[in-house]
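Paired with subunit B in one complex and with subunit C in the other, subunit A is shared by the two complexes that follow.
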Partner chain A sequence: MTLLRLELLRLRAQPRVRVAFAICLLGPPLLGLVLSAQAGLPRDTLFGRHVKESGLALPLLVLGFAGTWALPLVTSIVAGDIFATEDGHGTWQSLLTRSRTRAEVFTAKLQAAVLASLTLLAVTAGSSLVAGLALAGDQPLTGLSGTQIGAGRATGLVLLSWASELVPLLGFTALAVLLSIATRSSLAGVGGPLLIGLLMQLLSLLGALGSAANALLTTPFAAWHGLVRDDPYYGPLWQGALVSLVWVVGCLVPARRILLARDIT
Partner chain B sequence: MKRLLLLVPLLLAGCGTPLTPSRVAPSFREVFVGLYAQQQQLLRREAVGKVDPLAACRRTGTDADGPGEDWVCSVQYVDLGTSSAQVFELQVKPDGCWKATGPPATQPAQLVDPVSSRPRTNPLSEFDGCLDTGW
Partner chain C sequence: MAVEARGLRKAFGDVTALDGLDLVVAAGSVHGLLGPNGAGKTTLLRVLLGLVSLDEGRCEVDGTVGGFVEAPGSWPYLTGRQNLQVLSAMDDDPGDVGEVLDRVGLADRADTKVGGWSLGMRQRLGIAAGLLRRPQLLVLDEPANGLDPLGARQLRDLIRVLASQGLTVLLCSHDLTEVDAVCSDVTVVSRGRDVWRGPVSQLKARPGRCLLTTSDDARARLLAPVPLDDTEVGLSFVADTAAVDRFVLALANEGVAVRTLEREALPLEQALVELVS
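Right, the complex of A and B next:
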């Protein structure tokens, strides 16, 4: 059995990962049910006022608040614990005696965390798209440029928007991995990225940063705003990818170094 | 992490808010034009629809730019030879997205479909848009 498969099996067995999976899968349909039962609309979130006009609005509504805190939480649930759990159970020695190098263990655990985060993101995207279509059907969507976008093109844009979240999500995965290795504590690994994410949100909400807010890891979560329109702009998307890449490298390089240099006896 | 800290001064150098009147106004204008066409279609006035308005935005408070709830955008347009002017209130959020609220007298929440007499949501009574806040 490869290390990666072993890590994925271990993730799948964890209750908190199962709960996260269930929330990602069932949350959007539940939201759809609640919305269909009530007369009011969530007007304060983008696309909230259109959820009953077009089925393609609900996945974007979910995306709007998923990016603010749910996605950092989802990835830190899997990535923040994946290294620290060995410290919690004192199992580093037995893991490393199986003729595997630390670098191999690092890579396998990182791959498992990325794959799990990707799966949870894809599940949420698919589930909210299906829930939206069930709620309001495939009517044209009023995009952010004020024009109607046909259902076919809008579906593509919705999927592209969700895919764009992967970039900052991986940034948070790397942050969780670093905290997990550096602190050797699952609590810090899972709670740390969430807390940092919320702090970044708060900083950008204060608005004092101006364009410097573009360097925060939470800003690329909003890059999809440029996509759902007649004439999309991709600037924030590329910038977000660059910023996220800096965060990924800035977190993974020290994380790997700490793990390789650690004294495990 | 050190590498990131080195980036901070560079980023702050490129600071300054992207939320200025000269960037909010075209964003507002674009969405207004799109939704005006949609509204005219709801009212079964397909022949009209497209307008080429003038739009100007400013903050009513002490600050000239930046996010805030005190933005107003005025829009002037000529439709079928009749000139109209309206003022919308805008909440501009730090992420570059804004919410506009129309004057209730001219842009009520509901419109009535002239053919079926059914109430329809007025797309111009309240609407959202976003502008590019990239570097």
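Right, the complex of A and C next:
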């Protein structure tokens, strides 16, 4: 627990983490204010046309946008840097010449990265929900099947939709951790998952992979679309969870092995 | 013994860093590690700190090891005190943060962020981080880097104090004045092997090349204990300090004036160059 506390203490002190936190907290309200002030609406964006009708549309608009690239970036800011930063600052020798083992340090850093990613996700979700309700009120939400969903049920669906992003987010966290450890570069750790995420999105859009696109880590980010309907379907959620789990294990096992075996030079 | 290492071998890909190196460091001594760049000194220190695994060999260290290799790392967005508090929390039996800050002369700046510190201050923070482990062996790699002359002198004084308190110090340095001032023993490393080890005084006593000008070079040749070579600026010869002393006295007794007598370099530097070349 002490190691985790220390990692969180250091994360809190880092300017880039503070900036990421501020963006997650202030970004959705600012977006909501801009949309409220505009005469037109982003009609070609999921839930964009309903932003002024119901405050519950804004968090889903933000979610659709965030799942494309913002969430991979946000998680990479912490997870992609948390290991490589020790190479950058030359502090591995300070950390690994203490009483704690490398395995303990790995676990604490991983826990801190996961916790930070979840916090940033929760802050973005909470901020966009509060901003939406404050700007447009809690009128019923028009779902993806075109019918109205009562405010109470819609709020639950919004929260469930955001919660469904947790699993692919953990997959990107694991990918960022692997890149951070393997490359020893913060740039690769932070930028790598973002680029890989965009590449995956591109492949999905081109339809070049067929059903193999289900194995991409970005696909589960859209699984919540099946929830906000009259006839909800959950298959993509379970499939996405399984795919994300495979990515998590596939990234963390080699990441741990590399850190435990590497020479600190 | 504080350190007893035998037959250490380590390669990084095709590059052999340690090639059967032996190192013996007596407990309570200040032991110097000398050698050219790329000799394997830093890899040896990393092995002692547990940062690098050995391909072959046996390395036994008596007690806890603290210290740093090359530039000591620190987290620039934390204060000096916070840096040490983080490390302190990772040890089972750490020293007192305030006390080690005081020992390295950083108590006044401890609550400012390290990002604004000079290289010399970071060096001291590295030493403080090493001391925080309450080590039996303190490993220091070029600790005087970035220190002004006064800071370097204070560092030497600190090393002497630590040694007097029973701490073993392994000092890797290119500053031979520093090594000469604080080390009792040295190990000279070249191409991954130890090529000489023993007291500093013995290393300094190794025969060194001298340049001599006299009032009568012909008679000087007859009195010389070793062969003399002619150079553009006078006579050149290699002899240890005792032989040089005898030669000068003999010249004086025979009425030959010694006009200049100088070694080509500092004795320690000269000895080192001859050992590793």
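Everything below uses one rule, namely that the second predicted complex is superposed on the first by the 263 of 265 C-alpha atoms of A that agree within 3 Å, B and C clash if a C-alpha of one lies under 4 Å from a C-alpha of the other, contacts with A are read in each partner's own complex, and residues count from 1 in each chain.
Keep this in mind: a residue touches a chain if its C-beta (ideal position, glycine included) is under 8 Å from a C-beta of that chain, and two chains touch if they have at least 3 such contacts.
Computed from a predicted model, the values in this text were never measured in an experiment.
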Partner chain in contact with A:Leu3 - subunit B first, subunit C second, else both or neither: second
First, second, both or neither for A:Gly90, with subunit B first and subunit C second: second
First, second, both or neither for A:Ser36, with subunit B first and subunit C second: neither
Touched partner set for A:Thr101, first subunit B, second subunit C, both or neither: neither
Subunit B or subunit C, by number of subunit A residues touched: B
Which of subunit B and subunit C A:Ser204 touches, first, second, both or neither: first
Subunit A contact footprint on subunit B (complex, rising order): 1, 3-4, 7-8, 11-12, 14-18, 30-35, 37-38, 66-67, 94-97, 99, 121, 123, 126-130, 132-135
Touching residues (chain side subunit C, partner subunit A) in the complex: 12, 46, 49-53, 65-78, 82, 86-87, 89-93, 129, 133
Residue ranges of subunit A touching subunit C (in the complex, touch as defined): 2-3, 5-6, 9-10, 13-15, 86, 89-100, 261, 263-265
Residues of subunit A defined as touching subunit B within the complex: 43-44, 46-47, 49, 53, 142, 144-148, 204-207, 209-215, 219, 222, 225-226, 230, 233, 235-236, 239, 246-247, 249-251, 254
